[in-house]
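Read the structure below first, then the notes.
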């Protein structure tokens, strides 16, 4: 189950996910999050060594050197200076989490996620957590305990206790496990989460359960009702935030043909078509349903300002989207940005005739099918190279 | 539907109920609550005249002179000094709420309460709110709009909108009504309420909905999960709080026969019996189910220390309550408190024999039936008067 | 015959290792109740008065699939979860002794049980006894030594013992005695129990033990008035001399419309020709009068 | 015949006074859809393109009890409430056009609808059209001018138009075209629509338009593999060249077990002998090949 271009899930930074879980009773390592180098002074009361973890919203952080042990306040300051402001995978590091070490006896895995197929929630747990969890799931699926949760009936304590027993937890650890999972469930349902994952969930040498790393993904469409979650604490890049303002869904790719279409399916089909003609798409830009001329204008401007883009393919089949609005947006963008990049437009559907007329007035040809537009674009690219 | 001795509902002080509703979006008059006379200084930024409302947990406050208009800070100080520390109906006034006036165009009534019969919730609303609401309900029941709410399905906005229309609310007032009722519903379900009532809910001359007076009653058994609600903000008297510590349910009455029994039903039946013999009970004291000897001891001590009590009738039929524990408690109380008040005990049920033995050791007779014990008590009272 | 519990009742005790759970397991065993298993999370493998303890209801039922009834002694904070566990495991009769369960919890699990066809008695109740057959509750054993024609339904525990005691003393046995519980919302109300008594061939007379507050007694009277109860009924209501209670706001007054008082309840019964005893002992006299 | 909507469809438009609601009411009317009423709270008494507007669904249904279908254009924040209102009022087919509805809202109302036997199409979908009979959706009118033997079920709006357009251009009509919606959880999934097509006498061929992500296409293939679909199926999957998407944590990987990719979906279809088109236009060729 992967999320491609069709739906955006906001991944929270580790410290923010921990904050939410901690609010409902999950134990986390003692630590502090810092966004300015000079703030490392708050660490003076902590027990060194600490672990400095750059707050980036993607996996494989340790291998990239974005987690390190610091033995002194001076070390910590150096780590903060090194990390803060760096841009990794298009993402600017704004925060560093410093945490005390935890004496781990055992690493568990536990998560709650949407069960799309059964239209409910699914809890997964394993007594063998850690980075190899997927490998374990592949080789020994029986080591993954699955609990289906009905949205209507909710999660009962006794169900979690039963999972705790299967994990081999006893006594206070079993009780703590109920606390941990109920906290995860609250975050999951109250914060419109797609995923709440603790991996590893450490069973410490003194019998406590502590969340060492967490991953929380939130439904972008529900962010409006969670004022305590700032997009700054998520995996939005600057460009994505900019596009988002206009209801655009933009993802940067590696090629040179700028693409704009309406609907995720048609946008992907348009990418496929570009590849089919032997070219490489520079982006995925879906203007969504019912886009206004302003969105179209701003979207096209992103493509025109992108130096990598050599030509633009616009593929619109209007349903709730109106071809005339699209045409107006295109005309406005072209009046604002001086460009000699060729633009190939295919327009079909709602208000198609009016759209054609508007584009005809500024001398832009409209193609009947995406294939025809792409063919013309290919020819233009060849002549540019020639 | 009245709550007698069988179940205790905590009534919150007005200001606390308003605080909860306000947290979820209900508009309340601008105001401040004060617990020390010197704190009236915070009122200096308010728009006088203000209304000083002594925070007491019972109705008819205005008629008792516990609400008054104050025109100056000096007035306010006098009101605070007058109210704070006064004891009205056994209740010590600890707080005074000062509020700005509201320009009322219309007074509505709205409440959410438990629907015991249908095992759900019931919302009541009327376009004619205010102190006469019960009279209106009696004379013109059609003026009360009733909405049953299923606990499982919850309250949907569209249902509340429909009630708003029936109340004649339009535009923003109708939308605000949805906000008000949803806030009430949240307080009702999240705070284990028995009742959330706003009366009057003012429609102001500038079209706003403002809660002028509110009544919130909370399930005493659920207080443990609401750490933000202090019993100081409720209608507990000092004696009740003291009794509560030992799991006792004590209510002071006006007579002179001290009563202790187990279970609300048996305690009431014992009161009835005292009256049947022409005497007046001094109290209702239910030691509950499975009382320990400590509870019995402390309960009996309350009665022995009460100067009004001339004789004590103890009526126990043990199920989960053990007669031996009761006997031990009685013996301990008598060893701690010197008294010459006669005590008449009837013991039946679980561990009856052991209880009888314990009491026999200190020379206390045990009666077979409550009637026999009461007869003996009557005789003793007669001889005391004679 | 009898209602709710009988010779075929096979019991699970939830919260069996607690003070009350353990004690009343012993008393029920002494009474002759067939208790097959107990549950206390984390105490699986122990035994209480010879009854094996399991960690979960599911495990207990796997070992003893013939269990058809559960009695709950679990502390109030955890009681609701135990009820869900029993319902989800498929137990069809659940008797909840625990008192002080938050009423919103009760409301939710009672409705949940109804949707699944599960009967709940309680909470905050003394349980159910069908004398000489089975006891699932905390009613004192020594009172229930005679089966017979009187079915009792009551909101009060101790008052039930009182009246049962006097009946038994007078040589009048009981078919089944049901304490529905003293909370404002209970799993099975008096009307529902009276319907069962009406269907039960062993029950010839019905005693209703009520108290002031709520409208349950008025609804019983209304149901009797509908003509669906052919067996004679005798009532007792505690609280005749209680001063007016704490008011439940205007809402309470509007909903109850004057019901809930001693007078209202007595009037309701009198209107449908149900005699109301003035004292617990008078119930025995009224029943005797009805007997041939 | 056809599925979901036909000559007997009588439509309510919820959110009729909004920009899209009003516009598409006009388009649907032009298409010939029988729209009887609209709802927008606070706008009762107005009319939109001749359609009377009511404040509540209940009022609209009181006036027009023959309404059997609702289409929802209400903004995402308020959409769930509109769905509950329609379900509670007894409407049995609800088409939700609104996009950006929080997925937890969708999950809850979809399950609520199922318990009440209500069919939901969407959310975030183009709706349903049975050409020349009725359109309940936002699909462009001018494409749907020919009824015929092809049933289309799709996760994507615009791709559906694209493929329908090419079919119609090639003279191949459609029985019903269903956009199930692009969200991770939808009211009616592809398998459920395919079951309907299988039952529908008018439908002779089925086109499945999928895209990468999720496992809906794999489940379609699995269902076809079970032998319950006798009609020939042709598929198209968008996203062949999309780079790997954002990972949904370990949980996503564990649950999907490698499903969700373009290759996984194509393989699943090929294993059950469903041809997969490489471009939207190729779908037409594949259908033509199947035709006699």
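Residue numbering begins at 1 within each chain, and the chains themselves are lettered A, B, C and D in the order written.
Definition applied: contacts are C-beta pairs under 8 Å (C-beta built on N, C-alpha and C of every residue); 3 or more make two chains touch, one makes a residue touch a chain.
Small disclaimer: the values here were computed from a predicted structure and weren't measured.
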Problem set entry | Of A-C and A-D, pair with higher C-beta contact tally | A-D
For this session: Quick one: report the Å distance separating subunit A from subunit D, using the average Cα coordinate of each chain.
Result: 27
Problem set entry | Intercentroid distance (Cα basis), subunit D paired with subunit B, Å | 56
Seminar exercise, completed: Per the C-alpha centroid definition, the whole-Å distance linking subunit C and subunit D comes out as 53
Problem set entry | Multi-chain contact residues (two or more partners), subunit B | 152
Exercise. What parts of subunit C, by residue number, touch at least two of the other chains?
Worked result: 112
Exercise. Linking chains that touch, what shape results: line, ring, star, complete or other?
Worked result: ring
Problem set entry | Which pairs of chains touch, using the document's own definition | A-C, A-D, B-C, B-D
Exercise. Once bound in the complex, which stretches of subunit B touch subunit C?
Worked result: 1-7, 9, 11, 59, 109, 111-117, 119-120, 122, 124, 133-134, 137-138, 144, 150-152, 189, 192, 194-195, 197, 199, 215, 217, 219, 221-222, 224-225, 253, 261-266, 268-269, 271-276, 281, 284, 288-290, 316-321, 348-350, 369-371
Seminar exercise, completed: Residue set of subunit C touching subunit A in the complex reads 41-42, 55-58, 78, 81-82, 84-85, 88, 112
Exercise. Touching subunit A in the complex: which residues of subunit D?
Worked result: 20, 24, 27, 76-77, 97, 99-105, 107-108, 110-112, 124, 126, 137-140, 143, 154-159, 161-162, 165, 182-185, 209, 211-215, 219, 238-257, 259-261, 278-281
Problem set entry | Residue ranges of subunit B touching subunit D (in the complex, touch as defined) | 153, 156-158, 161-162, 165, 170-171, 174
